[in-house]
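Each in C-alpha cells, the structures are laid out below.
What follows is chain A paired twice: with chain B in the first complex and chain C in the second.
Entry: the complex of A and B
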C-alpha cells in the first residue's frame, strides 16, 4: 500500500571551504512515501535543509553531492500505471529535466514568506509563471484504434488567471479576485505564505517540501497554514516533507519522523513512537528540552549539555558521544553505530541497541 | 489578527466612501499607491519639475519638430553673411509702440576699421513677426509635407524682411535654426546612446552579478580595461578608422556606438552590485525551486528590482553623453559637416576671427548648458522621488 516516492540512499553532501571540508550530510538514507507526511527534525545546521535542496538538485555552492543516490519514482499523470525511476543526483542541475521536476513535480515552500515573493510582480503573475512553466493541459489530438492519443499543451493566460484565483481560494485567501492583482507588499506575512503555498500547489506536484514554513509566522497564522497543508494533502494525495525544529508542529503534522544530528539520521519511527518511546539519547534529550505546561516553578528547562561540535572536527565513533548522557567510554568514542531496526519499524543508530 | 478576513461587512456603513466600492477602483488605488507616492514627491520638488519641463521642451522643439519651430531650413543660405542678431522690438510699422513684436531690417555697412562689410539693423524698416507663417517647404516628422513655420516674417507681404534672432554664420545661415536642428542630433545621440548603454550595462551587469565566479571576474576586468582606456587617443584612432566615404548617418551611429562602448562599464558595475545583493533574497531561491531558468531569474526577477536605481543613474548619465559628443565634434573627431550638431556648431566658432567679429555665434553654449542642467535637475528629482520611503 505504501509506495516510495523518493528513496534516498547513503547521501553525502560535502562543502569544500577554505578551512577544510564540511560534511553537511554523511550517509542519510530514508524514503518518502506517496501521500504521506514525513517530518525531519533536528538542530540548526544538522543538514535538514541541505537534504531538501539535494532532492531538488539545488545544493548551494561550494557544496557537492559526493556520494549516494536520490531515486525519484516518476509517474506520468496521464499514465499512472507505469513508473520510471530517475536518479536525481545524476541530473544536470541546469538541465531541462530537473527544471521540470522543480516546481512541477516537487514543490517547495520556504521559511521566509516575507521575502519569497518577487516584490515587483502581482500574485497572479507569480502563480502564472509557475503554471506556464509546468502545468500542462492534456489535449486529445487524435484516435489510434481505440486509444486516444493525448498530448500536453501549455495553459493560456486566461486559464492561468482562472487557476490562480481558484488556488488562492483553495488556500483560503479572502477575496481572491482582488488578491490576484495585489503586490506582495500589500499582503500580510500569513497571506504571503498562503500565496507561496498556492504557487507550490498550483502545478499539482507529487511532493511538497516545506522548509520550516511557519517559523516566521505567529502562532495563529501558523495553525492556519498547517491546517491548510493537511487539508490540501488529503485532497490532492501529495507527499509532504516537513522540515522543522519545532517538535510540537511535527507531532501534529507528520506520520513518520526522521531525527537528524550532524548530517546523519539518528532515529526514524512513526510520530507516536518517537514521542512516547524514543530510543536514541539525542531524541530523548530533544524531547526533554520542550517546556511543559504545569511544570514546577523555578525548575530549569532541560537542555542538551555541551555544544554542537565543529563541523571540521567531527568526534570519532558516534558523533553524539561527547554530549550523550548514556555515553559508554571505550565504545561510543571508538565504534561507529550502525543503522538498525530496534523495534518493529523503529530504526535508530545507537550502540545501546547493538551487541558490541 | 486571527484571520485576515477583511470583507465588505467590516466597512463602516456611515463611512464617507460608498459602502461597496467597486472592486476594480479599489484595486487601482492599491496598486497605484507607489506611483502616486513617487509623483507626489516629484511634484513637490520644484527644481525637478523645471528640469522635466526643460527636457520636455528640448525634445519636442529640437528633437521632434525643429523644422516647424525654426524660421528657416537647416541649410538655407541667405545673402546676409555674418549678420548681427536682429533684436525683437515692440513697434509698429510707423515706429510707435505696439504689442506685436517686430524686428528691424538689415542694412549693409562698410566697417573701415575691420575692413569688412557688416550687416547692422536698420531702424527705419520694421517687420512685424507673425505666427504660423508660410515659409520654406519641408516635411513634418519626415512624412507630412507643409510649409508652415511657428514664427517668421510674412514674406508675401514683406519680401525683403528677414528674421535672424541669433544672427547668421559665415555663409549666411540662420543660427537659431541651426541650433534647433543641431539639438536634434545631440539630444537624440544622448538618448539612443544611453538606451544602448542601459541594455549593455544591464545585461552584462546582471550576468556578472548573478553567475559570479569566473564570469564575474571576466566581466569586471573587461569593464576596468574599457574604463582605463584613454578616450581621446582612442577616439582619434577610431575617427581615423571611419572611412571618409561613409554616409553621415552611419558616421553618426558609429559615434554613438563608440560612446556606448566606452561608457557601459560604470552602469554594469552598479547593476552588478545591486544584483549581488538581490540574488541572495529568498525569492530567487523560490523562483529556482519552481523551475525557473537562469535567464528568467536574471531578466524577470533580478533586473526589475534594480530598475528604480538604474533609471536615475541613466538619467544622470545622459548629459555626459551629450557633452562627449560636443567635445569630440569640437575636436573634429566626432560629427562633421554636413551633419549639424551642437558640437559641430561650436567647432565653427573655434577660431579667433569668429570670436572677434561674430561673437554672437557662441549662443550655442547656453543651450548646451541648459540641456545638461535640465537632465541633472530631472535626475536628482527622480532619485529623491523614486525612493519615497527614504528620508528628506
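Entry: the complex of A and C
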C-alpha cells in the first residue's frame, strides 16, 4: 500500500570553505511515501534544510552532493500506471528536467514569508508565474478525445488569474478577487505565508516540502495553515516533507519522524514511537526540554548540557557524546554507532543498542 | 537637591481610571492604569493626522515583587508596545504607571511615583530599576563593542567609570549567566545565539534592576538552548528577587515561566489571571480559542480546535463594541454595541467579556 515517492540512499553533502570542510549531511537514508507526511526535526544547523534542498537539486554553493543518490519515482499524472525512476543527483541542476520537478512536481514552502515573495510583483503575477511554467490544460479540439492522443497546452494569462483566485480562496484568504492584485507589503505575515502555500500548491505537486512553514506565525494562523495542508493532502494524495523544530507541530502533522543531529539521522520511527518510546538519548533530551502547555510543573526544564559543536571540529565516535546523559566512556567517544533497526520499524544509531 | 516627589493617595482628585488601585498592596511593585498609546497616521503635504493606530488602548495591569507576568497575544496586539510604553521608550498618549522606587528617595524608603509624570532626569535614574531583554540576540548587541563594553555600558551611563571596579562587576555578571569571564574582550559575532542572549541578560542585570521587561527573549533560540535560557531566567529571579514582564507568543513557554498571564487582543487586555487558572479555566472566548490552537507534542492528542473567523481586527479601525465580536462564536447583540468592562470576576482573575459569567469555556 505504502509506495515510496522519494528514496534517499546514503546522502552526503559537503561544503568546502576556507576553514575546512563542513559535512552538512553525512549519510542520510530514508524514504518519503506517497500521500504521507514525514517530519524532520532537529536543531538549527543539523542539516534539515540542506536535505530538502538536495531533493530539489538546489544545494547552495559551495555545497556539493559528494555521495549517495536520491531516487524519484516519477509517475505521469495522465498515465499513472507507469513508473520511471529518476536519480535526482545525476540531473543537471540547470537542465529542463529538474526545472520541471522544481515547483511543478515537487512544491516548496520556504521558511520566511517576508522575504520569499518578490516585493515588486503582485500576488497574482507570482502565482501565475508558476502556473505558466508547469500547469498544462488539454487543448480543446472538438468535445471529447481519447486520452492517448490528447494534446496539452500551457495556461493563458487569463486562466492563470482564474486559477490564482481559486487557489487564494482555497487557502482561505479573504476577498481573493482583491487580494490577487495586492503586493506582498499589503499583506500580513500569515496572509503572505498563505500566498506561499497557494503558489506551492497551484501546480498540484506530487510532494510538498514545507521548510519551517509556520515558525514565523502566530498560533491561530499556524493552526489554519496546518489544517489547510492536511485537508489538501487528503484531497490530492500528496506527500509532505515537514521540516520543523517545533515538536508540537510535528506531533500533529507527521506519521513518520526523522530526528537529525549534526548532519546525521539519529532516529527514525513512527510519530507514536518517537513521542512515547524514543530510543536515542538526543531525542529523549529534546522531548524533555520543551515546556508542555496545560501540564505545569514549577520545576526546571531538563536542558541538554553544552552546545552544538562546531561543524569543523566534530567529536570523534558518536557526534552526540559530549552532551549525552548516557555517555559510556571508552565506547561512545571511540566507536561510531551504526544505523540499526532496534525495534520493528524503529531505527536509531546509538551504541546503547549495539553489542560492542 | 531636595526634590519634591509627587506621591499619590486615593483621596487625591484625579480621574477615576487613573487612580492607583493595587500599588498600596504590600508586594505590588508596578501598577499600570489606563495606559494608552496611539500612533498617529499622517497623510498629505501638511501631515495632517487622519487617524490613529490604537496600539495600546486603556489597559490595566499590575506586577508583584518577584513574580513573572506573561503577556501573550497575536502579533500586532500591542504586547511589545505596552511594555515599551511603561518604561517610556514610547511616550504614552494617556494613562499612568505607578511604581515603587527606591532610587528617587533619599532615605532609601520606597516612594510611589507615576512614571508618566517624571522628567528626563528622573526617568534616567529610574531606568536603573528597570531594564530590558530583547528578542533578537544578533541585532540587539552592537557588533563593534566587546562583551565587556556591552555589559559595562549601563554602568558607565549611570556614572560608574572606575574601570577596575566595572571589570569586577562584569566578571561576576558573566559568570552568573554562565559565560566565561575570559571571553570578556571578544565581540558578539564570536558567540552562538544562546550565548548572545546570555550577554543580553548580563547587560540587563548590570544595574541590579527590580523589573526586567523580556521581549520575546527565547523565540529566536533552539529548543535545547531555549530550555537553558528559561532555566537561567528562573534562577536569576530567585536569586535577585526580580520581577519579569515576559512578552512572548509561545503559549507553552509563557505558561512555564509565568505566575500570572495577561492575554491581549488588539490593544486591550482580554483577560489576566494566575497562569494555571487561565490555562485551565479561561473566561474569555479569545483565550479559549488561542489555547485550542496550540499544537500539543503528543501524536495521540485529538485536536479540538476552535476556528476563529477572519483576521485580527485592524487596530486603526477597530470594530464597535467588543473588539473580538466579529470572530467570537459566542457573540450576541450586546457585544456589537457595548464595550465590555474590564472587571475582577474571581479573586485575581480579570476579564473583559459581557458573557463571562454565563459561558462555560474549555481550557487545555
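Rule of thumb we're sticking to: the second predicted complex is superposed on the first by the 339 of 356 C-alpha atoms of A that agree within 3 Å, B and C clash if a C-alpha of one lies under 4 Å from a C-alpha of the other, contacts with A are read in each partner's own complex, and residues count from 1 in each chain.
One rule holds for everything that comes next: a contact is a pair of C-beta atoms (placed from the backbone, for glycine too) under 8 Å apart; a residue touches a chain by one contact, two chains touch by 3 or more.
None of these values were measured; they are calculated from a predicted model.
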| item | value |
| --- | --- |
| Contacts of A:7 with chain B and chain C, given as first, second, both or neither | neither |
| Touched partner set for A:204, first chain B, second chain C, both or neither | neither |
| Partner chain(s) touched by A:292 [first = chain B, second = chain C, both, neither] | second |
| Contacts of A:354 with chain B and chain C, given as first, second, both or neither | neither |
| First (chain B), second (chain C), both or neither touched by A:178 | first |
| Touched partner set for A:58, first chain B, second chain C, both or neither | first |
| Contacts of A:102 with chain B and chain C, given as first, second, both or neither | first |
| Which of chain B and chain C A:220 touches, first, second, both or neither | both |
| Which of chain B and chain C A:301 touches, first, second, both or neither | second |
| Intersection of the chain A residues that touch chain B with those that touch chain C | 174, 188, 190-191, 220, 224 |
| Chain B - residues contacting chain A, complex | 1-7, 23, 26-27, 30-31, 281-283, 285-294, 300-301, 304-305 |
| Touching residues on chain A, where the partner in the complex is chain C | 43-44, 174, 188-191, 218-224, 226-227, 245-249, 251-252, 271-272, 275, 285-287, 289-294, 296, 300-304, 307-308 |
| Residues of chain C that touch chain A when the two form their complex | 74-76, 192-195, 222-228, 230-231, 234, 249, 251-253, 255-257, 275-276, 279-280, 289-291, 293-301, 303, 305, 307-308, 310-312, 363-364 |
| Chain A - residues contacting chain B, complex | 56, 58, 94, 99-104, 107-108, 110-112, 115-122, 129-130, 133-134, 174-175, 177-178, 181-183, 186, 188, 190-191, 196, 199-200, 203, 220, 224 |
